[in-house]
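Chain naming follows the written order as A, B, C, D and E, and within any one chain the residues start at number 1.
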Amino acid sequence: MHVLPYLVAAYVFLIGCYGLATSRNLIHAVGCLAVCQSATYVLLLAVGYRDGATAPVFSDIAPGSRPVVDPVVQALTLTDVVVGATVTALLLALTVQISKRHGTVDPDELRELRG
Amino acid sequence: MADAVIVLTLLAVAGCATAAVVNRDPARQALVLAVLGTVLAVLFTVLQAPDVGLSQLAVGSALTPLLIMLTVRKVRRRSAAPKDGRQ
Amino acid sequence: MKARSALLALGEVVLWWAALVVLWLMLISTVYTLEWAVGAGAAGVGAIVARIGRRAVVRR
Amino acid sequence: MNGWLLAATAVLAVGLGASLWGVSTGPLGRRVTAQNLSTALLCPGLLLLAQGYDRTSYVDLALLLALLGPVGTLVFARLLADELAGDPPRAWGPTWAAAALGTVVVAVLCAVAGPGRAMVKLLIVGALLVGGNLIASRALSGGFAEVDRG
Amino acid sequence: MTRRARLWLVLLGGAGLAALLAAACLRLPAFGGARHPYGDRAVAAALARRTANTIASVNFDQRAFDTMGEMSILFAAVLGCVVLLRQARDEHRDPPRPAEVAAPVRRYALLTLPVALVTGLYVIAHGQLSPGGGFQGGVVAATSLHLMYLGADYAALERVRPVEAYEITDALSASAYLVLGFAGVLAGAAFLANTLLPLGTFNTLSSGGVVPLLNAAIGMEVACAVVVLLARFLDQAVEIEEESGE
């Protein structure tokens, strides 16, 4: 239990990398990159967790009444999620452009085209 | 008890990530990614990060699938269209 | 006829606005003046978009 | 130590397992149905978690999932309409079961919350969840039959 | 390099990386530990500025400058998409035929659109109080508009969403963030310092000084950015056709 979240984050990152390296379709590769990104979210939030604590949001509890988890990593992750989505969009736009220019989205075929 | 639900969601995230990688068809992968987004949101809730959970829900449940499916449609329509001279 | 349709449109927007203000009041936890103002503004935006959306679907 | 968390764990275990298994195997129709059911099964879990952690502000998560989950399913229903047209998924049994689960959870939580603004919020979440899921199922089983492209 | 050789290379490198990651994981502080020095200080600072949601305080007060960086990444990514997905010279627009959607789905879309929009605005407005904020609410509000495409058709969506207006609002709200930052400089404090406005009463909409305003600016920016982004993708997927006889 003490290392399980970290190991899950590492596993998700590695499986995403494996998918990226073996992908036959650029759209699938972008999806694998999204999986890699989610590994960072899991890692960051796992670092900030505290046993028996609750969220550092005091709209419905009195400050100091309960222990709270680390807000700094949550703030890092929160912006990362939305910005990650726009980066995914940028990569998908590149994929559309590649498909227009070369007529394929298979990285192996693209490599052959370059020569 | 709180630990049980954390372990459960962590394993679900790992399983979902594996499924997202091994489903090679982009449309099917987008379906798995939509579920992965929701599962991640649940994980963030049990890790006491509702803000991040909201962010993940907003992005993962509708926005990312829409982007991927629109790209899939564009790429498929191109390859279904009559081939031009460059190929 | 034009005045009547304008009246109907206004009625629709006002109905949506009222419904959305009620929705806003149900989402929040404590009610005070600024909350009313922000809620009314947001509900106004929602009501106008609802009206434009319905017209875009019906009038084709 | 906390009955609500226990209930949430049970609901989440069923929901996560079923949606994960359904979405990663089988024909396309079943996968889309599983994606739709993941919303219907995980949203009650989130509501129970909010109650279990004794944080009313966590209800916003369930609200957003109830709003956006069906939207996500509509995306797939619309953009996969061609592929789904040949074999429209008709899974009304699981759909009604998930809707019943959502209704029961919302009803129990409403009874605990007592009359007030929190109860109305829960009812809104429940209405959006059940309505959204039924509509999304309807959309999957031929809601976009006349859409060829666009 | 053949596929097989590449796979072996990936597996070899992956195994090495996995070993290193596992070793690092074992040395990390145990999950759920009680020691969070930065977190405790951030909570204290947020409460001192009367911001109920500590995460919003970290994003828009303590680390407001970093959030400006995030915002510029967002802005640049959207700009990149607009450039990449513009209509090329050898393409033409072919408006799609009106679609007939099943009546219950259309009614659902028309009813849910305002509800989702108001919920998105609620999430933005209460960002510094309850979970939520500009990033989340902006995405929800932008997504809600696209119910018009899902429940009706592309022409209906374009009625609700004049893209030019959203492009302008995107730029305006991004500059609003900067202007709020420079207002701090003009007032004699640092860039983006939270000294401009009274801190207000804890747990109300006007608490936290400049946090609600920055939050609203980000909300508008994200909402408009997502709308513009999706507009480009929808244009490409639905409307823009290549000239067939090239």
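Throughout what follows, contacts are C-beta pairs under 8 Å (C-beta built on N, C-alpha and C of every residue); 3 or more make two chains touch, one makes a residue touch a chain.
Source: prediction; values computed, not measured.
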Chain labels contacting chain A and also chain D:
B, E
Separation of chain B from chain C in touching-chain steps, minimised, is 2
So the chain most remote from chain A by C-alpha centre is C
Farthest from chain B in C-alpha centre terms, which chain would that be?
C
Comparing B-E against C-D, which pair counts more contacting C-beta pairs?
B-E
Distance between the centres, which are taken as Cα means, of chain E and chain D, whole angstrom
24
Taking each chain's centre as its mean C-alpha position, how far apart are chain A and chain E in Å?
15
Two-or-more-chain contact residues of chain A, please, as numbers and ranges.
1, 4-5, 18, 46, 48-49, 51, 54-55, 57, 59-60, 68-69, 74-75, 78, 81-82, 85, 89, 92, 96, 100
Shared-interface residues of chain E (touching two or more other chains) are 53, 55, 115, 119, 123, 126, 130-133, 135-136, 139-140, 143, 146, 151, 203, 226, 229, 233, 236, 238, 242
Check each residue of chain C and list the ones that touch at least two other chains.
23, 27-29
Contacting chain pairs, sorted by label, are A-B, A-D, A-E, B-D, B-E, C-D, C-E, D-E
Touching chain E in the complex: which residues of chain C?
16, 20, 23-24, 27-30, 32, 34-35, 38, 42-43, 45-47, 49-50, 52-57, 60
Interfacial residue positions of chain D with respect to chain A in the complex
53, 55-58
Note which residues of chain E are touching chain B in the complex, please.
53, 55-56, 123, 131-133, 135-137, 139-140, 142-143, 146, 226, 229-230, 233-234, 236-238, 242, 244, 246
For chain E, which residues are in contact with chain D within the complex?
96-97, 99-102, 104-105, 108-109, 112, 115-116, 119, 123, 130-132, 136, 140, 143-144, 146-147, 149-151, 153-154, 238-239
Residue set of chain D touching chain C in the complex reads 56, 63, 117, 120-121, 124
